[in-house]
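In the two complexes below, chain A is the common chain; its partner is chain B in one and chain C in the other.
The block that comes next holds the complex of A and B.
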């Protein structure tokens, strides 16, 4: 690919004061290899269209303010090379730029992140220390390297909201906690100085919380800091078991997989809804069961047990026993 | 060509037809599948956080069974693939964990060595079998059929587990199979999206919206069929389709079929033989 060429930026623009809906504006600009998408947008704003509105600050991948969707994927404009994007764009030499998903647009590429901030507040996304406010600063609250290690990756989060924008469930339910807020909660729960773990976890397992995640891994794939966000989601879910918070459909559902591996080896699908939802919750499942029954797609009530199921049970119990000892 | 066939629990129950179709066509293709009757449930993307140690030992045992058979292991379910590969990835990158897991397995006369590959039917067709060979087996090309590929999450993401295979944002493997079988593949936004299966019971409203959005996208792009390499995606998109469409304000319908059934159609089997009559949605309507 040559080092200097004309590129078209198709930018989704929207000014709520005058526009009924968002529309694409095309900008043809001649750019040189090595330029980032943020620099290209700045060039357009400075030389082509002063009304183009986008948000940025550090220009170095630190502050997280310039996240937008580039060719359909949420990422930072300041760390994305135009030439790299040209490799993936569907139409030759055209780059599509859109605001983040799952937020209300304030103008063009700038979105209203207030709902995300409200969620960070709701789930107490900060360390709640043992030390009283008036005593803060008088004594050091040290964190040893080995204590920091489990939260090391999570502390890389810059709240850019790329994961928020890509999240399947946030798209379906705007009240859903969202990946980055779970990541923050996990990080605070694991912080040795924090004392709000119990209260935070109780909140996390309620409606719109951790159990609504559909394990699609879109957040993990989009994270600009390569943080294994799913490990944090799974970490908080694991913590609900550790804290004995098991009276939710999510926890009951998850526990079934352990019970069934231990009790026969294979998943007992037929009773899975009943065991997840309980007898009352099951009523809502009757139409589904009838529909599947009419097609002869009823799972066996007693699926085949693996012939070595006794050995499997012993194996699982051995692992459980050893893990407990370790704790 | 022979594989240890890891049978997903759902393929013995709600999506038996996936297995029925696969059993029919394996002879035509010349692929031998040794059924792993002793394998346990993969943990369904749940066991990992209920009991992380049990999760890794359980899937190490499953893979060790394939190793004992001296075969690579193939599954037809994305979530099983994810669970098995997550365990394999951990074991192959952590000698201490491998040694610990093997201490448990030893008393059951098993050992995880890391010698068997864990793969998916879709990858086997692309990598081991070859699309040209698949093309040569076609008796009834799917000419004129517009087919929307729906990959499902756990064969694309997290991409670091899946090597240099599909680009998680622009995958090709299923598209290429559709083309090899003579069908017309549809390009649509939802092809890499989630089906909502894993929240069907716990967050049903959200799950319906997720499925509904993908279904409407496929219908808007004129799909005759949606094809998926995952029985969980099939369940989310087929069994709840009317409700999912309703949530989206649509009354359209589109049949969703398994990868094994798509191949079966091109090999000349009837929809009935392939168990397509067992699906909740059997016809397309706008």
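The block that comes next holds the complex of A and C.
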């Protein structure tokens, strides 16, 4: 009764012990509808090729182990239905499976995520509690539901690294903070029980930090938990202003950004670096720009006006009004 | 390398122990070894919540009520000294965790929200939406990073080493390069999680909940306890065995048979869907056996209906459950009832320890689902196991700090390391031909059929014989992947070895125990028999590698034996 079909999995394999470079191995398997990509990979490992190497644990979309690229997009293998992927195959019924981007491959689909953990540490991704050590456990902190709300979505993050793999800037600059670490920082900064906001924000606005993000939205699109990561990015940026940390290239950039948005509804990105860094600073950007250009990610020189320009403009004005009120 | 403390396992239990130890003495050298990255441990899967008599919601809740509910839930097999400690510490622990940043859901007045949960007489379960375990685990990992705890991620425990009844440390394999490392230490805490994955496809557990810690303990001469008690969760998804949390029933979900009846009225007229797990699982099993289930190619099932709760409530309070149903079952609970059936879920048994988390070997401790303190006895109450790992994780942390100051130099000899190397090399045997996946599948099937929810002498006798036979075949199991890099084939085979040893304990214990108590239901012995069986089962490995079963008294307290009705 159930649909069955032969499907080819083209898996990018690499065992540095023996292979000079990565290559695609093809596995033809007959599967029935309703099966996830992880189950398919496990089937291949158990029945076809015991050397196929991938990570998984919970098989329930909560541990974050099984993120890989499926037909070019980073996502969890255990929550992805094979039949859904058939719709995006370049060649009919051939699914391409690759390891996450922006990490070193250990073997086949397994990548080294230690640099991600190192960044979590670098940016102090933890609450530094306002309760003194000797008073821990004595009484609850008072957190109103509306104070909890802003961190609710951010605490969904399972550290699967899909967003890290998709991030354009992480690809160009391995030291870049990365979207999930910004999300963590935001989650901690918004927590009314935390006391390290000032220190964390100072770290965030340094080089390789929040001002390097280009709003490409790829992390938002990739997030397996649909977390609005951009809100976090905007949120921590806003916080740098609130804390008076305005003397970075990024903060100046943001001011120009505001002017731009008000003027055209969309950023004149191609000329933006010049205005932020000045002609001399621009020279430092050249290698970066070349890298971006090579990857086809240079913004168009004459951006279109976005259709919702009016809304954007009102929004910006609203934000400005609000922040003036605060001063 | 030599450490003051080595902790094996980075779930909630292991990380709480690490945190407590480092906070008490920042100078201590602590290593945490885990076969997966800490935040991937199975604690993340706990959706429902964690119990503590905070009395935020029901002002008349007390620690005594929590104690009584737990003893009753355990079917009087829990040790009352441990249960008392568990429930007394609960409010302190939850507040501590909250103070450290755990994002608990809140009541309007800003205090931690609490909801009803199976087997509890008050609204006592603290939660963070339906991601409680995940957020608790993240919080602990964050705090461990804050305190600079040293993690050895993707290291697999091979053996626990002792000399003269004193702990010397552990030996582990680095998965990245298959190199064997010794971690010498006077104190070792085993926090390796449960063993219910041995039921394989009929299990809600992560792939790695194979009881490695228990198996290594057996080999080191440490006994296990109450292994026959495996809890089946009433509502696993029909196809994958994945769990639809009790939260779904807590929020008002109905269990429906093929006549459209809320059949729990027959079995637990007062509590209905919120009766304790074992009772609900058995009720579903009876309905199915009596032909009141629904048929499908993936087997018989009953329905969990949430549709009357409305889209808004489901989206707000049970978003992960909804996702789970859509991803894994193709069913949106807002629109239609969820097909469910019981699934192996929690292991009450584990490494035999006392209230101080001590094993029979000086310096070796165990906590969490892999240990048996015992606070859950014959049946764990929902929300008490997260509590167990936190309370006793902290307790073990306290104990090892005490110990660290007064013990000598640990030593693991080269020959001990070589033994492990030989074991690994042996697994690559050239003439081996048995398939690990076949053995694993057969193990799950025989356990499900013969040592599952309903048990009989005949079935269990067959189950024990099957496990013996599978253990024989395992000696010729083939590891086809010979690479040294991240060899998951090797790891899966080692995990299968652990499951087989522990499965023998489960089946033998179930065969021996001629009564029904908590999760252990014998059709041929349908009632509880306090005269002969009010005692813990103890499992030891013999020199030949067989399992010997004996027993040990239960620690009682102020609560006398009573019949357990709901």
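Keep in mind that, in the parts below, the second predicted complex is superposed on the first by the 254 of 327 C-alpha atoms of A that agree within 3 Å, B and C clash if a C-alpha of one lies under 4 Å from a C-alpha of the other, contacts with A are read in each partner's own complex, and residues count from 1 in each chain.
FYI, a contact is a pair of C-beta atoms (placed from the backbone, for glycine too) under 8 Å apart; a residue touches a chain by one contact, two chains touch by 3 or more.
What you are looking at is a predicted structure, and each value in this text was computed from that prediction instead of being measured.
In the superposition on chain A, A:134 makes contact with neither chain B nor chain C. Once chain A of one complex is fitted onto chain A of the other, the partner contacts of A:73 are limited to chain B, with no touch recorded for chain C. By the touch criterion defined above, A:235 reaches chain B but does not reach chain C.
When the shared chain is aligned, no partner comes close enough to touch A:87: not chain B, not chain C. Look at A:20: by the touch rule set out above, it reaches neither chain B nor chain C.
In the superposed pair of complexes, A:218 makes contact with chain B only, with no contact to chain C. Of the two partner chains, neither chain B nor chain C is touched by A:3.
Residues 72-73, 88, 168-169, 171-173, 176, 211-218, 220-221, 228, 230, 234-235, 237-238, 241, 249-250, 253-258, 260-261, 265-267, 269-270, 272-273, 276-277, 284, 288, 291-292, 295-300, 303-304, 306-308, 311-312, 314-316, 318-320, 322-323 of chain A touch chain B in their complex. Residue ranges on chain A touching chain C, taken from their complex, read 1-2, 15-18, 34, 36, 45-47, 50-51, 53-65, 79, 81, 106-107, 110, 113, 117, 120-121, 124-129, 131, 133, 135-145, 147-148, 151-152, 155-159, 188, 191, 193-194. Contacts from chain C toward chain A in the complex involve residues 23, 36-37, 39-42, 44-45, 54, 92-93, 95-96, 98-101, 103, 105-108, 110-112, 128-129, 131, 134-135, 138-139, 142-143, 145-146, 176, 206-208, 239-240, 242-243, 297, 320, 323-324, 327-328, 330, 435-437, 479-481, 483-489. Against chain A, in their complex, chain B makes its touches with residues 9-10, 12-16, 37-41, 43-54, 57-58, 61, 104-105, 107-108, 153-154, 157-159, 167-170, 189, 193-194, 196-199, 201-207, 209-210, 213, 239-240, 277-280.
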